[in-house]
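Each in structure tokens, the structures are laid out below.
You will see two complexes here that share subunit A, one where it goes with subunit B and one where it goes with subunit C.
Our next item is the complex of A and B:
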């Protein structure tokens, strides 16, 4: 190959923050082109997917509800990824959080009391943490790759949902349908604004992002996470334990994913159903990267992804776009973002076919 | 621009996006806008395909009086609530929600929009403006079971189901009851894959069961994956579910149960236009033509086809009901006395297996 990637000494800060916007623009351009080429109205498709969801107030509530679990999970993943801990199983931790929350809801069924919801939230976070503790244990004890363990545990958690809704937690009044009973009033997340579907999970998501941003930028904990991730050797000299950081990163991201899960089951779902796993945990990975692993950026990135979900369904009814379209746009977004990252961190150098000569020529060219 | 389905949709969609442009200027009365939500894609050649065919039939029958839009791949959760709300905002006055798991959300959204009519397929919850509809698939299962009883060499069938809900359980039971009228030792093994549409999982389940000695396969999932495996492995065969699937398994498809939703969709839309719509449960079957038995495979001997036709016609003229006792449950205990026929309510809450079913662990 006549080209070679060379690491830039210091990537431009401006470019680092500009790439997400560039990736978004490129996604829209490429999307319009691709869909025009295969016979759809490409421009209308882009407009439906990226613009229309923002244009009316009644859709903002959809965006808020769709974005809030993405924010909560995305913030947790941003912390873990900062520490170079690759938790890919947030979906599983989200599901287990939903399940442990459901457990409290079912155990307190028919009771009243304002303590029920907080208890569910705590149970959900604990569930997510416990599920993330498994990869943490294997990673720190046996050096098992956390990407594999956390990902595979996701599939196990989906089976767990199927098991409980068919067996022990099946709705006794549900005519045999595989779902739990509807939670009683005290176990349901109330709507924040009457007449809308905006529930209290939305402000919680924003609060989580703010708190984590504050902790990451102002505390020793945040500093430590960043140092371990960016310079593991320096971290060891500084006396930061790598293992403790791995544990922290997984517990924080797992706990937050569990929080998202319990808020989702207590809010929009209000009962556990086999359709509970909806890939928020996987989408949140795109969110975290699009946000440059910045907690406040996560808010905006989550809204962008929420827009593509809402817009994707809209585009089906208005321009007849297939349902796969929103997935294609999300994938392009991640692709352009990662490609952009490469170019920000590395520069492409033209080299002649004989590398030795090329290096010499380059050396001579230097004044 | 050809008048393909996509383009028709595009035009319909464009009109949908601009309700303010005053459609009244173009036509005397505003067409009824009908929305459909599907759990999978219309290209699944099964469940969702059949609903979409029904939608197209409705458009054809009612012409300018209706226009329709659909949304594919709508998950059974809060997402479907949002999609239905979008459809209402886009002007739909009648919405068909075509999967079981939409139920809670249909009820919820229907409360918010009392002037919109909702119809929920295979569901059981109704309200002022929510009706339910279904088809007596079990009648078709009885025909398939008769074929299986005659044709199977091992006397063992496999049944790929989504979830063990009454709808699915009654299909398993009808199938094996019919098969055991022919071969009293016939058994069936249901396997539940917890999804309506996952071709890879359906195929895996089919392979595993074939390895265990079944030679007939039936499925209550949305696509032709299990039939394709049957074709590949050269077993006695299987059945198209929802639509004719012979294109995928010309040898293996013995016959198919075709869901013919079109007449229901056309009649319902007509009722809404005429103002005669009311909330009810409709559950037609072979007699009304909502369930149709497809072509029989040429390889099936004439006397077996005749036996299957007899079961079909018996259910059409009412002389036969597959759930007439004596029926034992899977442990062998008598569940339905001789001469007694289960009521619709019994069927719709069916959570037990008849004799001959090997219940999943």
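Our next item is the complex of A and C:
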């Protein structure tokens, strides 16, 4: 073998932040090849998916609206994954946050007052937290794997949406459609810039990322999360409770997913519909990894993923690429990113001279 | 309850459990080798779509199962390469595989939705498969018998063979196994490939046994339930069989509730649809209360293999 991997004394920070860009570049190259092989115009597809949404300015509002829930959920997941708590059910917490927000909107239907939206937001966050509290309770009390519980709860929450829109919350004037009534004016998230679709969830998302970044880098809470995740034994010596950290990680990520849910239902949707679960919670997992679990990185990673969504829609109409293609691109991105992780911990060395190999063989031969 | 209804319920239950059982058996072997592959759901979707397309174009169910197994195996090798050769994080890579499988199957199957295929039926003579009583023994697709045989085969392999002993040693203490001279990575590659092939076959069960068509995301989280079942069964094949049939019972009740089965309809259909997932959480909690479930887990489960030389 002409190359050999050599363990680095410490993980490379340069590689840690360079590999996401490398993964993105490789995804575009591999994507162009794969889609050419299966009979599409690969280069045009890559251009439509990754470049056009950025170059055509009228798509930017689309990007902002799609990126904001990804930022909010992704920031929460970044915190949880830092603590080594694998909350995979953000989609469920997002859905329940949307549902509890909808509950407030329906209960206050016809009323006016500036307190309604804040009440919805609080209800949404509380809903997301409560739904994340279930895996937290089972994990801390019975040591049940949080990956499985949070994921199973996601499947259950989708059924909960179907139930309420067909049953108790169904719009009586909806001509039989399974959906709630449109929220009153006071329960709708207003547009931030008139004439666009950009709502107040967009600045909220940026604010969330900044606040979490500040908390994670400047506070004892952030330090504690990182220590428990990176060195659980050292954390125990320092007196940091693992259980308390699991609770915090799940409540923060669940609450933020709930916030994204209520902003989404009060903003773009303005009512609860069966199509509310849109996989933002799953895509945000890719966002968190691509951002290297850094809250500010999440903003950029969310924009990249939002680009693939918007670009995927574009490519569908222009080059006939199926909508599932953006899912393939997202998975490839994650594969390349994970593959690139090895460069963070190892360096590639060229094995040039024969003696070196001989020495190594001799060393291996020793008992 | 009449004997006829009992037989019908039993048969529905067994058929509904089969894909979960096959996928969980594969994952059990993978986990016994010390690897946690969370990509089961994705590999099942890949198996479902490739199995369906093969069945649709050739009409040969045996070939469909074979193609699904190969497709599942190949997709599992992506996971193997990343986690074993590049020591990537197993949890994240498994999730990536599920995301990939979801996207791949949606792409491959998009022009096939709502097209019918025929089911993979029993190969026994009609006198046996339609007999009011004997059909409970002979009325199944070969895939059902395959799942039962594999329970015994996996049990026998792990418990009674040298290969099984080595595989378990690799899962319990990879560094010791490595220092004795066993090829840890190669053994884990083998286990992952087996798990992938089984997940592929499990996926093919959906169009070949349950609903004879392709629908996006048709495995509906059953791959995740299979992963949970391995924990529930504390990594033992026969307990896996019991667990899978327990889930089959829940899903059969859902089917009967949908068809308007008397008292079952008192519960909203959405709650029935959520039941397998809620039941999964319930059994995971119960098994943890009963004893410390982690004591039975392979000691190296999910941890990267990092030998010093």
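Note that in this section the second predicted complex is superposed on the first by the 336 of 367 C-alpha atoms of A that agree within 3 Å, B and C clash if a C-alpha of one lies under 4 Å from a C-alpha of the other, contacts with A are read in each partner's own complex, and residues count from 1 in each chain.
Keep this in mind: a contact is a pair of C-beta atoms (placed from the backbone, for glycine too) under 8 Å apart; a residue touches a chain by one contact, two chains touch by 3 or more.
The structure displayed is predicted, hence computed values, not measured ones.
**Q** Can A:162 be said to touch subunit B (first), subunit C (second), both, or neither?
**A** Both subunit B and subunit C are touched by A:162.
**Q** Once the structures are superposed on A, label A:41 by its partner contacts, choosing first (subunit B), second (subunit C), both or neither.
**A** The answer is first: A:41 touches subunit B but not subunit C.
**Q** I'd like to know which partner A:313 touches here: subunit B for first, subunit C for second, both or neither.
**A** First partner only, subunit B.
**Q** In the superposed arrangement, does subunit B or subunit C reach more residues of subunit A?
**A** C
**Q** For A:322, select first, second, both or neither according to whether it touches subunit B, subunit C, the two together, or no partner.
**A** both
**Q** For A:335, decide between first (touching subunit B), second (touching subunit C), both and neither.
**A** second
**Q** Across the two complexes, find the residues of subunit A that touch subunit B and also touch subunit C.
**A** In subunit A, residues 162, 166, 322-324 are touched by subunit B and also by subunit C.
**Q** Where on subunit C does subunit A make contact in their complex?
**A** Listed in rising order, the residues of subunit C that touch subunit A are 38, 78, 82, 86-89, 91-93, 95-97, 99-100, 102-104, 106-107, 110, 220-221, 224-225, 227-228, 231, 268, 270-271, 273-274, 277-278, 280-281, 284-285, 288-289, 292-294, 309.
**Q** Under the definition above, what is the set of subunit B residues touching subunit A in their complex?
**A** That would be residues 6, 9-10, 13-14, 16-17, 35, 41, 69-79, 81-83, 85-87, 89-90, 100-101, 104, 124, 163-166, 169, 194, 348-351 of subunit B.
**Q** Can you tell me which positions in subunit A touch subunit B when the two form their complex?
**A** The touching residues are 39, 41, 58, 62, 65-66, 162, 166, 175-178, 182, 197, 268-271, 273-276, 278, 309-310, 313-314, 316-320, 322-324.
**Q** Help me check something: in the complex, which residues belonging to subunit A touch subunit C?
**A** Checking each residue of subunit A against subunit C gives 86, 88, 134, 138, 142-145, 147-149, 151-153, 155-156, 159-160, 162-163, 166-167, 282, 285-286, 289, 322-328, 330-332, 334-335, 338-339, 341-342, 345, 363-364.
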